[in-house]
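To keep things simple, chains are lettered A, B, C, D, E, F, G and H as they appear, and every chain counts its residues starting from 1.
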């Protein structure tokens, strides 16, 4: 149905046996790529034992059963992070977008505490077709990027931080109430969902 | 800078005098359209007293100083609501999108309690370039529309309802955790922000 | 007193020794069935070591000491889930309802993200006497089932999901504020309580 | 479709003109009764000016356009309240249930602070087919009634109280976590929804 | 200073070495009893290795270095629990009150789901000088006991339960908003604090 | 039943007509005093029109129908406030306690921001039998008084303050987690409930 | 005691009569300035009727009884706001700081949605001794200013905004979790408190 | 850039390999001190294996690579705690402030439950240039210290406590709403951030 897109398995809460069954079923039923998100190494090992086409993108915690080449686009999705700790979520977004057939660029660790690093990267921001901003703590990066560009922004709050970060709630609220207009927000740590939204936009 | 876009005034918390000053300044400084959002009738009267070009979109609580024709697009943004009470927020989105130069279509009162009305409207949903879903209470409409189409969706929770609706929080959480992927959420009642996001996408 | 119903033990927070004592006491005191809910395997092993009548419904995390045949009914309770991860809670409901003497049918993995699967199952929904809807994340399934049928619905939010799912709060709020009327909601993950309510209704 | 049931209008957020239009439309289109819930007196006056069949149940804030006699049942729904302040919500439930064709009995002001009054009324509780318990503050009444009877209970938390009542949240949480099993909870102050659920059960 | 009272150590967050130091210091400095609350077995072992007077009240998670006989009173403090899972908190209260020189009686597992067991125990309630009510989930027991007696009540919410119990918040809110007047509430699981309050009252 | 105590009416949410009826009924049925709490002036006027014995304690928002002399006690209840704005709640407590037959003393405006004023009043604190501490904002006064005395303390958080005071939640949480043991907390602004608790203690 | 500082009256919750009494008392007792914060015009009129020295700073909602010249400092406190709506809170801070004897500079409406206006003002930021940042919505301005300077920052969240702004909670959380270190946060809308903190720092 | 200050690594969420890389890079690039905060022993071991200059401040969970002597100041920062459990956070603040070149004094375990110990230490409080108050539970210590001195206070809520402490939220709210003016609050457990703020103030 969802032409060109991989089939997707959300790994948490499934036993290795269940995942094995689902993948075997997909392998039998179709010929496209398969993406298992939020996959720990044992999930990868399980899938690898069924098919040699399995690849593990460790930092993204994503397994791809790559049965056909990824497509790509002329336009690119830019994935931006505030800090180092936001990278796993950003990689989930980047790998998902790539598997969905998009060109992806990365701009990591440009948080507003050292704003000059961000200001030195305005061109790569403005040449993107759509931008995914990944940030925890107060999530201010989404507002600042929104103030620097007119491109559509998909914002991903992360659960990074402690105390009043409240597992990502502060970043989530900050992004929802951003003074920069035109920011669509997804669930905390939801790199996958951000990539889905960005991919739909990038391919328009 | 933001070429073709209106200049925007957020009316709440500004005195009529302040709004008068801001509009006069904009009239002197540029020639484009001006949009005053969240404008009560006295805001309209104040602006109308300065310039005959002021139009009041009452249900959208929006004033436009229309100094040039609205542009439009071949593709359209579809604005969908669950109930009647969501219409003011939907109209804020629709009028904002129109003033920003987009073709806009409306599909109102298709909430999931009477799901057959929604299912009878799948074509207008699937032909849109981007969809704004406006819903209060449990916000389930965003998930259901997301299950019916692959178009990008901008979801607007509304503060409609009582008790455990918590002024829009339930709808907001429902949209953020939607099982349908690729939904970007904006602030509660933020029709304006949804239109900004949708307009950027529609014009790609 | 509660004629025909099993005696019930809520296992968490009890030591294996305490459970042993309680079961021995029940075995001595009466002749009906016994249900230990939220039972891990060691609880089953403990009870099995006292009586050969113990059966373990693993996915439902329920132990039954089956000393008499389960009764059944002509009407059935339908247990519906949105996803695979909701199945343990659904099974707790289904096994509890069965032990309480009800005919039970299951309709699993019919969440609104793929709404056509649900729409293909309207007859089994409309022929039920009462429906238990089990869903996590945004809990939209309760509203959609409520829009498809006039049968009484008992809704069970699950703690499935991450981030803004808040351990089931989003699903709970969504079900409480559902635009479909006539839905009674029980505590998060409370398959047992849903079965109690549904059993009372089914036997009227 | 929903045979024998009234058509329903939820009044808040609708202008008198909109309500006039909706009622005129319903009067033209069908011959059954019409229920306008959460109706202030001006809503009643508006409807009365169109049709002499309008009746105002003031305490229930409900208008009925009574074009046919209410049906009734042999079994009854019992509506119970903890205090006097819960009566408007209870009356919304009672009137809604009556208009939907049910026999309704009332047992008001039997809160647990004076538990002997409740204990003196066990027979009327146990002879009901289904019980609606309406209570604010800590909502303990639902648990206590649940401990006295095996009938299905629909619990309605009310927004009565101050401080840590949090507009009904305390009562809502108390009812959701009730130690008495088999209680289905509806939204805060939602007498209408409780009556829908109870009516479905009462007519089985 | 606090004459006749034990010296108290709150064990969590202290290393065994720190506890050893504090106890040695107290042993050297004074001759009264010492109470270590929230003490796991290793805390007891540590204290026992210093002094043979150490006693472990396991269910209460309390160590007493008993260097003089406990005093007692003619009046008694009654400790009541709703369920079995509330007993550890109740025992913390009971042991603390005993060590502070009070006569203590217990009435456990008399929750409102089986209210007849409670109603069969009214005399022991009414003969107490002060009552400590320990309950989790919805905490309704405090209201019901408050409706049965005029004695001062100290209510302790417990963190028992799951889902909407929110770690004791529901019980806490229920007790604070109780329709029975004259209930003083302490922190969630705070059996120690309840005993302090009750002891002060019992000795007046 | 509740010998020597006044009969009590909680005024909010009752019409003047309802209050009139309740008071007339009480006047006919018994000869003791009547207390109407949270009473605005129109409630007083209504009661005064029925009986000349009505007295209005304005700051306490309390009406007493004084048909017999207040009793008193040798021991006294001390009511303490942090600021001036806490006085209405404190007066509700003081008047309620007085009507219930207790000697009452007041110590107002001794908040910890000017702690020397509090430290200059230690004797009146230590000679009380029980102390009611009324404080808003952070509620620190309860902890500090608790550190100065061994008397039982009933703490009343008030809804005074703005922003992060959250209508009394901050004070409530501060009092519940007080590092001083033996503090019983009542609902936000619940001067009446504090007086009930204190009166029971004072009369032991 | 607090030498050189004005005496302060917090106006809300005080009657005009009480304020009159307090001011008359202060006028008689000392010779310094008096500051009435959160003062509506009627508070000013009341004070003006007692003493001709009363000045009304309307936007700051502050009355000063100016009986001696304000002192000033060589160093200055800089008050920065994100938007226009934050100005009343900023003015409360600025006027308070001025009355406390500080040189004050203002930099208003430099929010991050138009970050270039802020970047054009780095010198006035870096020459301040201490900076008060006033911002609502997501409060990102505090983080961005913190990334541009090493001066101590006092951050004031404002209750500006709607929906997920939650009356200032989002801004508050954003400031507390700011990735820029060395930001001290005060209560929502607490311009007065920010000025107290900044004044203490500025005068070191 | 940040002259005289150490370079800082926030350890959580970084692998030992990543930390090794960052430290090696810093060692090569500059000659100043390095501070790794929130460092468990394995982080220390890793850094020690690269450079002999690494020192582990265990209670503060801080590693310093000390390549030059710490500077100091004539004025001192005073770090105050309410209890023993607050000491790790206090030590994080104290070590951070020391490494940043400040004289630091400590005053631990002076909580308000035993207020006389605090009152016996007023001189060391009043001679400080700036005070860091570290407290959990209800956080009342910040208010009390604020009532005793005019020095600027940086308040750090800690996550110490249970139940209604809510992981530091109660202390946080108490500090934000403190009746003592001029208190700047940092995130829960953020000793590092408090030291940054205090150091900036101390060096003015």
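Simple rule for what comes next: a residue touches a chain if its C-beta (ideal position, glycine included) is under 8 Å from a C-beta of that chain, and two chains touch if they have at least 3 such contacts.
Nothing here was measured: the structure is a model prediction, and the numbers come from that model.
Engineer: Matching over half of the contact pairs by residue number, can you pick out the copy of the A-B interface from B-G, F-H or G-H?
Structural biologist: It is G-H that reproduces the contact pattern of A-B.
Engineer: Weigh G-H against F-G on C-beta contact pairs and write down the one with more.
Structural biologist: Counting C-beta pairs in contact for G-H and F-G gives the edge to G-H.
Engineer: Just how far, in Å, is the C-alpha centre of chain F from the one of chain B?
Structural biologist: 50
Engineer: In whole angstrom, what separates the CA-based centres of chain E and chain G?
Structural biologist: Whole-Å distance between the two chain centres: 47.
Engineer: At least two other chains touched by the same residue of chain H: list those residues.
Structural biologist: Residue numbers touching two or more other chains: 163-165, 172, 176-177, 181, 187.
Engineer: Which residues of chain D touch chain E once you look at their complex with the stated criterion?
Structural biologist: Its residues touching chain E are 82-83, 111-115, 119, 137-140, 143-144, 146-148, 161, 163-166, 169-171, 173-181.
Engineer: Hey, which residues of chain D end up touching chain F in the complex?
Structural biologist: 84-85, 160, 162-165
Engineer: Spell out the part of chain H that touches chain G in their complex, as residue ranges.
Structural biologist: 2, 129, 150-152, 154, 172, 176-177, 181-187, 192-193, 196-197, 199-201, 204
Engineer: Could you pull out which chain D residues touch chain B in their complex?
Structural biologist: Within the complex, chain D contacts chain B at residues 12-14, 18, 157, 159, 167-168, 172, 187-190.
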